[in-house]
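Just below sit the structures, each encoded as structure tokens.
Both complexes shown next keep chain A, but they swap its partner, so chain B is in the first and chain C is in the second.
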Partner chain A sequence: MVKQNGSDVFISLKNVSKTFPGVKALTDINFDVRKGEVHGLIGENGAGKSTLIKVLAGVHQPDPGAEIIIDGERVEQLTPTESMRRGIMVIYQDFSLFPTLTVKENIAFSEQIDKKRRIINWKEIEETSKRALGILGVDIDLNAKLGSLSTAKQQLVAIARALVYDAKLLVMDEPTSALSSGEVQHLFKIMNDLKARGLGIIFISHKLDELFAICDRMSVIRDGHYIGMRNNGETTTGEIIAMMVGREIVEEHVGGTNIGDVILEVKGISKRGNYDDVSFKLRKGEVLGITGLVGAGRTETVRALFGLNPPESGEMILEGKHINPKSPAEAQALGIAFVPESRLTEGLVLQQDAESNITLSILKNFVKGGLLDFKARNKRAVELIEQLNVKPPYPAMQISKFSGGNQQKVVVAKWLATNPKVLIVDEPTNGIDIGAKTEIHALLRRLADEGMAVIMVSSELPEILSISDRVLVMRRGRINGEFDGATATQEAIMEKAVMAGGGKGATA
Partner chain B sequence: MSEKIKRALGNKEASVFIILIAVVLIATIFNPAFLTFGNIMDVMKGNATLGICSFGMLLIILTGGIDASVCGQLTLVCVVAGKIMANTQFDNVIVYYLLGIAIGAFTGMLNGLMVARLDLPPIIATLGLDSVLMGFLKYYTNGTWINAKELPPKIGQIGLFRFFADPNVNGSGVPLQLLLYILTAALTWFLLNRMLLGRSIMAMGGSRVGAERIGLNAKNLTTFAYMYAGMMYGFAAITYTCAMNSVDPNAFLGFEMDVIGAVVLGGALMTGGQGSVLGTVLGMLLFAFISNGLTLAHISAYWQNIIVGAIILLAVSFDMIKLHREERLQTKVDIEPKEAIAR
Partner chain C sequence: MKEHFKKNAHQYRLLGLLVILMLVMGALAPGKFLTVRNFKNMGFQMAEFGILAIGMSVVIMTGGINLSIVNSAMLASIVSAMAMRALYNGGEGMADIPVILIGLLITIAVAIVCGAINGFFVAYIGVLPILVTLGTQTVFDGISLNITRGSGVSGFPKLFQQIGAGTLGEIPYTILIYIVVIVVAYLMIERSRWGISIYMVGGNEKATRFSGINTKKTVMGVYIFSAVAAGLAGILMTSRYNSAKADYGSSYTMQAVAATVLGGTSINGGSGHVLGTVIAVAIIQVISSGFNILKINRNFTDIATGLILVGVLAMNHFLAKGASRRIRAEVK
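Let's look at the complex of A and B:
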């Protein structure tokens, strides 16, 4: 294998950009993967990792001007079949396996398609799948239904499927997100074996401890830009975290002016596979930020307060009384309001107008003698539209015609109408432009200053830091750190989000 | 070995089989005439149409779809073939089979294109087609039968044909319809278990995204499933016409429920990807035996509808309850064991 300049690079990307209508997902990515290395790819949610994978898989074509060089040869157009033919195998986070088929079919089915076997060659399937599992050195019943296997075993099947082909580069998208720590160790052993066979592996993960345990090199991308690459052993978690977070423009921190007594206390609530031993206190007039990586259990925890995901053990105390809401209706009656993450599917009735949406949760207040008092309903809706500065201020306009920011205000208005004591918002500015974001932040701050207790769940650290009086950081179902909102830094929070408890942080 | 036993017991087909045995035993206790060769053969003859149609429905349910146009498609073939028979006295049954299969393939393709290409919900697309077909057939036939006297004599003779029949014993031998049923079962089994096409449909039913990622064409596979179903209905319609030696435009009203019922009783999941020929055969037998057993026990036909409907609802509810439970127990957050942190 004589290569010009004798490199052992398998694939290199030069100036890869990808523009979608209205968004530049990737900007001038330069990046290479060597044979026999595990290359970590790190970035926050929405940093552009999945777009980059899809470029490698040939699903997305990069913008003109990009160069993709595989095994020393420039590839003009990387289509899905070309990508597979060159040995690039992507194991998606959801595995893309077939739950109702057997293990051996899952492994060897695409080979049958490739060889155009109109009549299935079961012997071939058996042999191929045995061989693939043999490479991994694992023992899985070939005739078991895939759906009956544990996630860890399904993952091994997904890897085995990739090995049926002459894989040269394995792309693994968050392969450890559903594995226990023992299973992760087993996976790492297999990855090291594959590495020794000369395979390149791109390992995508949020978990820094795992990245440091397995990777040879690590690349960080942020907002679609390639930030840099570091050799393992020549860098620190602190440096990687700083690269991930960057120096984003942070809104000035605005703290509470009217923080009062504890209104809600959560004591050690747990639910298997959702959250574990979560405790915190919430005060009147306070904005409590809850952050962490996706899958850390933030949404699961706040849904517990709203009766959507009740705990199996632990206590919740609202104004000195034990509560245990089992449904949103119960939670609402207790004075808890919840603005969900996906306002379009969970928060709004898109076919109806602003007035109907705003008053949806309090319709029974307008019932007079069994009939709806439309005048009173309109009056209340107009008040709330004014209070929240919804633009345009037309109660009769269909909700789908409002901008994202104003739709969000309507969802908040809907819950304010119930006069809640505790307002929970989940990713309140998801998909909203900057101007509207600032407005929503100001609104939440004002509501708190007027005496409401606000819990804000968000992945965006600048958002968390802008208005939170206190910040809780969750990691793998638990609270892993607590910070004072005025003094916390993005780096300190990120460290708590990605590292096991031991990380140093300015604990409040 | 224990794995194998566990799999067999956990198998849906196995539980259907156990229920089937129970039904046979109970029916025999109520009326010993149930478990006689003659009765079983009569039941098979009477339910061959249902059985053949159920294999078509199986493919559709495997894709995650449903077909509400069984009645319209079956009746169309019966009426068209019956009219030709009556008007021309042409009596080559093979030609009628080919014609029926061709008509079914066409109507099935219409369903398939509506579902796969236009993305219509299967229930809407097939209900729509059923309404169009039945409306046309009512207008065309005015609801009148084509009776035995109008049909060529050979049609009725074929319908009565039995293998190994003892000419001295009335109703002995194996009816032709049972053989045709076994033939379609074997064909569908081969398609689903030995052919890439069938395995691809199974795969797609389990995970459409996964299927597309390995290069399967989900639209074509879905269209094929509806066409195959149409062809089965066409085949069943000619078989039925011969067996009844007449055409009744209203014979199949509500028949789709029986067909769906047989498939669902056989363990197929309405969400797609899961179901088998063996299960569908057992489901059809269960359906047929319950009806026949109730008849022999002199229980009103209305009760049969109630009981069969209730069993179907129970079977589907059981699946959904299981699904919800699995969803609820699903791990959403990978909680780190406490010992790992303490280190």
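Let's look at the complex of A and C:
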């Protein structure tokens, strides 16, 4: 099936690097995909998989010195049109389809545009879409609105559309993340059929069991570097995990010095499609790390504590009292603070200044005789800016003009101002530079040591290991493992994140 | 001080434009424009429009719009006018003062109900403001037309006319009322917790809600505030015309949007000042009165207002672009 001779290579990339201002996203990637193979592309969040796909799709131009060879021919500049013309079709996670149009329109409209039809040839649309779905061997109502279909069917429509374009290489970005296991099996069958027709498929996933089930070869990238390639059947999950997490030097683990009584207890909370029977205890002075793959239900779980995603069943007990916050305002009143994952859309009011943002959670403290005491507000903002070392220390500067790290400090400061008992941070160092990152880690550690209880959700294992006293690993909405922060290893955590199998008991 | 000018540059530019326009009008119509009589006239007319524009501004600051503002004003006025007519009964019924006080209360109460309906659908159900208020525009208007069969309602105490027509010395009562509204609106919108929340909701509702602020309540308050402003404007109109009729003030709706935007409030929400709207209203009034004195066709008033609106917005755009270029150059 897999010939070693170079003639069946469809595309090969040589020395592909991609530099964005301030970040080197890809470094010297060498990688090829053969006709008629499924090639797994594996890496942690942020490893550079998406950037690599965008290079293949022609969206990003690689740095000079890169070589892209398609079908034995060197391509000087791969633009989006050129990429599609040569048969590279990317199926993104959101499918890039039109939910309000019908199935046949989604599949075959682009062909009409390509043929420069001024008047739509509906018969041709019908035939083309029938043919494309026929290749896949699936039966979907051509006149159904796309938006009314299940995710799995929408995905098949996206694949059908790619086939209309005479795809030679199909790039599938986490195609199984929203599918049930039956649907995954169906998709794999279709992938095998397409493979038999000579299509190359790049299959991106972090789910190792799936990768081992479908791939011929697997490549691992990490931090923008190509770590290596393994033939399926000649490697083990252990080896792949080791390649994914690497042996990089991690920040030294700093444990808590002042861990006290249990302040928060979560007992078997569930919400369908979000999180399932989650239980844990949180102590004063402790940093509890929660990790897992994206979509494992980590954010959904902590949002439940903040009144954003209330559970359908189960109990939450804060300082001995049952709580059930239904809104952030209620959660705040209970002493719970939450630094959301996306500071730009959920954390900050971008057109306002630092002062307005930093004091937004405590506005009521400045009400004097019905009006706001702006002097007092300014004084508090200046204090908080100083306390968190926000740079530059200008309360009147528009928040959008600060660097990511300093914006994040402002969001954290906004919540520290409320003196919370429980501080929840979701991906606290997402997209910020290493200096600010270290500062935020030190700050979270210090806050815990001063008696606060901290929950830190993060995908970055070095981050989780650096300051967590305990680590919970979630998988598919459930807690799949629990580790002591001082002794846990990245490999062990990753295994619980990607593989089925219960943890060492779900509660502490 | 420099910071103050920088922050309020748009308002100072508008103020400059207002002064220039007044001087130009004064020069074109010597002895007619810059007179006590003309200013008094402008005062009578400006107040009702200004109060409506403030009511519109506060909604636009949250990123919404209130297309039923005038219709809620007229519905409230009509209900109250009918009540006053019945109570007064051509002089046979209750005394003047109680009738008027009851009338005022009814206007405000009906206006609050109208505002609460808008606010409920926008804040709690999550329907787009433009759709909600377009719908209630028709609903309020339909009710007004139905209960009046399209005609005006009059027949209330003579004293009621004093609100819209009376003066304190040379100063119309309407202007005094307008000034009180401006001060109260300024304090509520720019100096209170609720007011600051309005800007925050307009900038990013989610981030504001995530900061523990009850954004639904904030938005509900905004629509009620807007409706109370509408009710006050309705009282002034009813008093000035000595009757209430469904189609009074219908041109004010889009003019109020124009005054808001000219006044510096972003149509996307999150910014704006009460005084900006007030100056913009004055500019529109000066053009309208000036053209009237100069015997220029009324249609040109609209054209001139529109051109100034587009011109000022374009200027702001280019000035902002220049400023960010300068900042970038400084950084380099």
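Just so we're on the same page, the second predicted complex is superposed on the first by the 454 of 508 C-alpha atoms of A that agree within 3 Å, B and C clash if a C-alpha of one lies under 4 Å from a C-alpha of the other, contacts with A are read in each partner's own complex, and residues count from 1 in each chain.
Criterion: a residue touches a chain if its C-beta (ideal position, glycine included) is under 8 Å from a C-beta of that chain, and two chains touch if they have at least 3 such contacts.
Quick caveat: nothing in here was measured; it's all calculated off a predicted structure.
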Greater chain A contact set [chain C / chain B]: B
Partner chain in contact with A:D433 - chain B first, chain C second, else both or neither: neither
Which superposed partner A:L350 touches (first chain B, second chain C, both, neither): second
Chain B versus chain C as contact partner of A:N274, first or second or both or neither: first
Interfacial residue positions of chain A with respect to chain C in the complex: 306, 308, 327-329, 331-333, 338, 340, 345-352, 356, 360-361, 363-364, 366-367, 370-372, 374, 396, 414, 418
Residues of chain C defined as touching chain A within the complex: 3, 187, 191-193, 195-197, 199-200, 203-204, 206-214, 270-271
Complex interface listing, chain B residues touching chain A: 3, 7, 193-197, 199-200, 202-203, 205-207, 209-211, 213-216, 269, 273-274, 329-337, 340-341
Contact set on chain A toward chain B in their complex: 80-81, 92, 94-101, 105, 109-110, 112-113, 116-120, 141, 143-144, 147, 177-181, 272-276, 295-297, 300, 475-478, 500-501
